[in-house]
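I've put the structures underneath this note.
In the two complexes below, subunit A is the common chain; its partner is subunit B in one and subunit C in the other.
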Partner chain A sequence: MSNFFNIIERDLKRLWNYKIFIFTNTLTYLVQIFVYAFILDFLVSSELDYMRFYAAGVAILTLWSFGMWAAWEIADERSEGVIDYHLTLPLSRTEYILGRMIGGTLRTIVYSIPLFFIFLFVTGMGSFVNLLSIFGLLFLFSFGVTGLGVIIGSFTKEHTKLSFILGLIDAFLIRLSTIYYPEYAMDYWMQFISRINPLTHASDLLRWGLGFPDNSITLYSILFIVIFSLILIGIAIRVYSKRLEGGLAT
Partner chain B sequence: MKQSIIEINNLTKRFKDIVAVDNLTLEIYENEIFGLLGPNGAGKTTLIYMLATIYRPTSGTAHIATYDIVEQSAKVRELIGVSFQEAKLDWSLNYNEILNWHAKICGLSKEERQKRIKFIVEKLQLFDAKGKPAYKLSGGQKKKIEVAKILIQRPKIAFIDEPTAFLDPHIKKTIWDLILELRDEGSTVLLATNLMREAEVLCKNDRIAIMNQGKIIKSGSPAALKDTIPGGDIIQVQSRNLKPEIEKELTNIPNIVDIRINDNQMLIYLNKAEDVASTILQILLQHGISVEKFQMSEPTLDDVFFRYTQKFLK
Partner chain C sequence: MSMVAIIERDLRNFFKYKYWIIVLLITNLADLLIMAASFSNLVTEETFNYFLFFAPGITVLSLFGASFIMGIEVSQERHSQRIHYLLSLPIDRFQFIVARAFAGAIRSLIFCIPLLIIAILMLGIPPVWLLLLIIGVLFILAMGLTSLGIILATAIQNTRRYQLARGFVSMWLMFGSTVFYPRDVMANIPGMNIIADINPLSFGANILRGLLDPAYFDAIRIIDIVGLLIFSGSMIYFGLYFYNRYTKST
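Moving on to the complex of A and B:
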């Protein structure tokens, strides 16, 4: 059990490994919050407080981006052979995989918290109780996203292929969600996909947490995030474990 | 009676069409340094990867201290340590962080970790690398850290793959001494190497195996393997009055395989030279040959390696 914590500790030790990635993501986030959000709010003629709506979507997107970084990390560690080394260490595969996923999630949280405070500064607190109650769900969501990153990273270590896959996922999931625009502004088919999109539910939950008047929390959103995350965590453990046992070089 | 600690039965690993390890059966005894020699691609590293529970075998079984490498892999990992051919390091961490984390996860107490790391860092002269992240280090420094991990861990069973590749002779010697110490302290070492000198030094009193195309072609003690080469020993005689008729008489000695006389020098190719050297010398003296030089040499492990791998290399 103590080695499970050692695995988490390793991930946390390497918190600032990817400085450029953290810097560019933070910068993009700040530009989106402080520049795009205001410009778009000015451009969009709607009763909606678009600045706050957009900022909440971007916050979830940043959380998503940090979580999905696990795919790059796993792919890199595979190509450098570091995972081969980890597999010889005295701990079970489940301890290892869970340790890596929790470590990855904690890193995502650490990266995101300062940005989240900036976000609250810009958008205002809204309902503190609501906000607090969705933190657990957002943590679970980060865990699930890290799981998805782990699954993708387990299947390819080629950067070009990985870029393509992640780009494709982003292109579909982000555009077909309520990250940038509300559901009522979408075509019917887009609305349908949006309702089965985790990014929609995560950003809607955050908006509810902020006390958006148009956003009421639904049991469906809560259940969706919980089930999505648990399924991805489960699949990640199974897929990663199977890939590890089979020999990642094959 | 030697106790076996690693038992491998018909172990096979396939990668699509390639059979990296082919139906391999082998026993490694407790507290020995077992050298695995073979050309590149022979399957040495794949065998280590299976025993270290990284790869799952395609078929066959292997037990490490009675634990099955597939069914009880977590138990196996509690006993083993691996030093990889290519250093597998966290690129952003410095050697102290890498070694300390490794020792910690292997269960060493803080005091023990500090003591062992200090000792090994001094022995392997890692001071130049102090504070630098692994990605800024030279290939040799990275290799030293890789070997240092296992020397600090001191596992019950150590898998060491090419421990001195890229290293200078001075450090090579130090690492060899430390591996011998590891064995003397009770560890069993499976050593994969391409360096015959390394195998000669480390496996002198133990065993080696020649591996090729996923199979063990020959195994035994270095001395026994050398003896398997027909006419591998050479006695070199130098004299100004060598007589051709001596050749006929010497051929009667069963150990002798071939004799070549050239001017003042006679080369006798034979098996187990030490058994008949005195007889040969006696015959030479009886024939009034004034022996100026009488030198015995045995085949090297290079000769053994070439003999058992040449048909594949061709």
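Moving on to the complex of A and C:
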């Protein structure tokens, strides 16, 4: 069990290796909320508090982009041969894989907590109990996103291909979700994709947790996040374990 | 003749980043065709069409994204020590630097053409002389932005500091300009309109909007034309200075 915690501890410590990424990312998100969204708020109908809406969306985007960072880390470790060293350590394969994934998720949460306080300052809070229950689901969501990052990172170690894949996913998944705008503003075909988009459900759940007036929680959103995350976690464990076995140099 | 060879080499090199170019292009297209289209449904003012407003803005933004690639390339040449090979070529230092800035500007222009075509299709096809004027304006802006990218890459030799500086400059250029929102709406944040007035992307976006859309013809102000010329002129001058100083110290 101590091996498991050692892996998690190591991953958490590595958070500071990304200080430039963290700093610029944090600053970008703050500018997006306090400049970009604040200005756009003046263009939008007064029925929608766009700055609050946007801040909640960006909170989910933070979880998403930092969780997906796992893809870069796994790919780097594969190309640098660090995994070879990891495999010589006296710990079981399951401990290693679960430790890495939970470590990655906790890292996302640790990174996101200070930002969440700023988001709460902007969005305000309805019910503390609702928000707390949503945090549980968001933890699972982060776990799932880290899993997705692990899956992608396990299949390619080339930076060019990786940035291509992640760029394509971001270009469509983020824009076809309710991160930046509500579903009623989208065209019909966009709404259809948005309904099967995990970012939409995570954003909607957070907005409900924050007590946004026009956001009601749906069983579909809860089930979607739970099933999406569990499936990705399952696939990630399987894929990562298989790729560790013999596919490191490929 | 040797200048042409350098330009040709840089143009060929540009297409080595095909994955990066595709992702950037798709992201810009998604910003316009998905994000701006959806956001325009949220805008209440009937006379203001955000989708049409954003089309010239995203063209300028794509030009900026592609222009900064030259700076990244120059920075990478330092790391890989390829700069020593380039400097050993039988070409005058001044010609070499000017050729690189030219190549960067041509590459950016090529990159932004698909978005320019979409903007033209949406706003109406302008007469040939206006089209030539638009391309001229975009080229001058691209020269300035490419030179700015080169200045950052050569004046700041520390990689982390360079990445930070690039992040800050990008943030100022993107969110502090009239690319995403009109200047009068920006004025809701005290001082933001002044920031927009000293922003080269604002100059480019305002001029392009005015030339493409007769409704925005008044948006072109003397400050935009003079500002664009001063920005590009000074950036080219300082770009030459810093690149020259850097090649001597390498």
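What we mean here is this: the second predicted complex is superposed on the first by the 249 of 250 C-alpha atoms of A that agree within 3 Å, B and C clash if a C-alpha of one lies under 4 Å from a C-alpha of the other, contacts with A are read in each partner's own complex, and residues count from 1 in each chain.
Note that contacts are C-beta pairs under 8 Å (C-beta built on N, C-alpha and C of every residue); 3 or more make two chains touch, one makes a residue touch a chain.
Computed from a prediction, not measured in an experiment: that's the story for all the values here.
K.L.:
Compare subunit B and subunit C by how many residues of subunit A each one touches, and report the one with more.
P.N.:
Looking at subunit A, the partner in contact with more of its residues is C.
K.L.:
So, does A:Arg10 touch the first partner subunit B, the second partner subunit C, both, or neither?
P.N.:
In the superposition, A:Arg10 touches subunit B alone.
K.L.:
Looking at A:Val122 after the superposition, I want to know if it touches subunit B, subunit C, both of them or none. Which is it: first, second, both, neither?
P.N.:
Neither: A:Val122 stays clear of subunit B and subunit C.
K.L.:
Examine A:Glu80 and indicate which partner it touches, taking first as subunit B and second as subunit C; both and neither are also allowed.
P.N.:
first
K.L.:
What is the contact status of A:Thr24 with respect to subunit B (first) and subunit C (second): first, second, both, or neither?
P.N.:
second
K.L.:
Which partner chains sit in contact with A:Leu89 here, subunit B, subunit C, both or neither? Use first/second/both/neither.
P.N.:
So A:Leu89 only meets subunit B here.
K.L.:
Using the superposition on chain A described above, determine whether A:Tyr50 touches subunit B (first), subunit C (second), both, or neither.
P.N.:
Only subunit C is touched by A:Tyr50; subunit B is not.
K.L.:
Once the structures are superposed on A, label A:Met190 by its partner contacts, choosing first (subunit B), second (subunit C), both or neither.
P.N.:
Touch status of A:Met190: second partner only.
K.L.:
Per the contact definition, I'd like the list of subunit C residues that touch subunit A in the complex.
P.N.:
The contact residues of subunit C facing subunit A are 19-20, 22-24, 26-27, 30-31, 34-35, 37-39, 41-45, 48, 50, 160, 163-164, 167-168, 171, 175-176, 180-181, 185-186, 188-189, 192.
K.L.:
Quick one: which bits of subunit A touch subunit B in the complex? Just the residue numbers, please.
P.N.:
Interface residues on the subunit A side: 3, 6-7, 9-10, 13-14, 17, 80-82, 84-85, 87-93, 245-247, 249-250.
K.L.:
Quick check: in the complex, which residue numbers of subunit B touch subunit A?
P.N.:
These residues of subunit B touch subunit A: 13, 15-16, 49, 52-56, 73-74, 77-78, 80-82, 84, 86, 88-93, 97, 101, 104-107.
K.L.:
Over in the complex, which subunit A residues touch subunit C? Could you list them?
P.N.:
20, 23-24, 27-28, 31-32, 35-36, 38-40, 42-46, 48, 50, 160-161, 163-164, 167-168, 170-172, 175-176, 180-182, 184-187, 190
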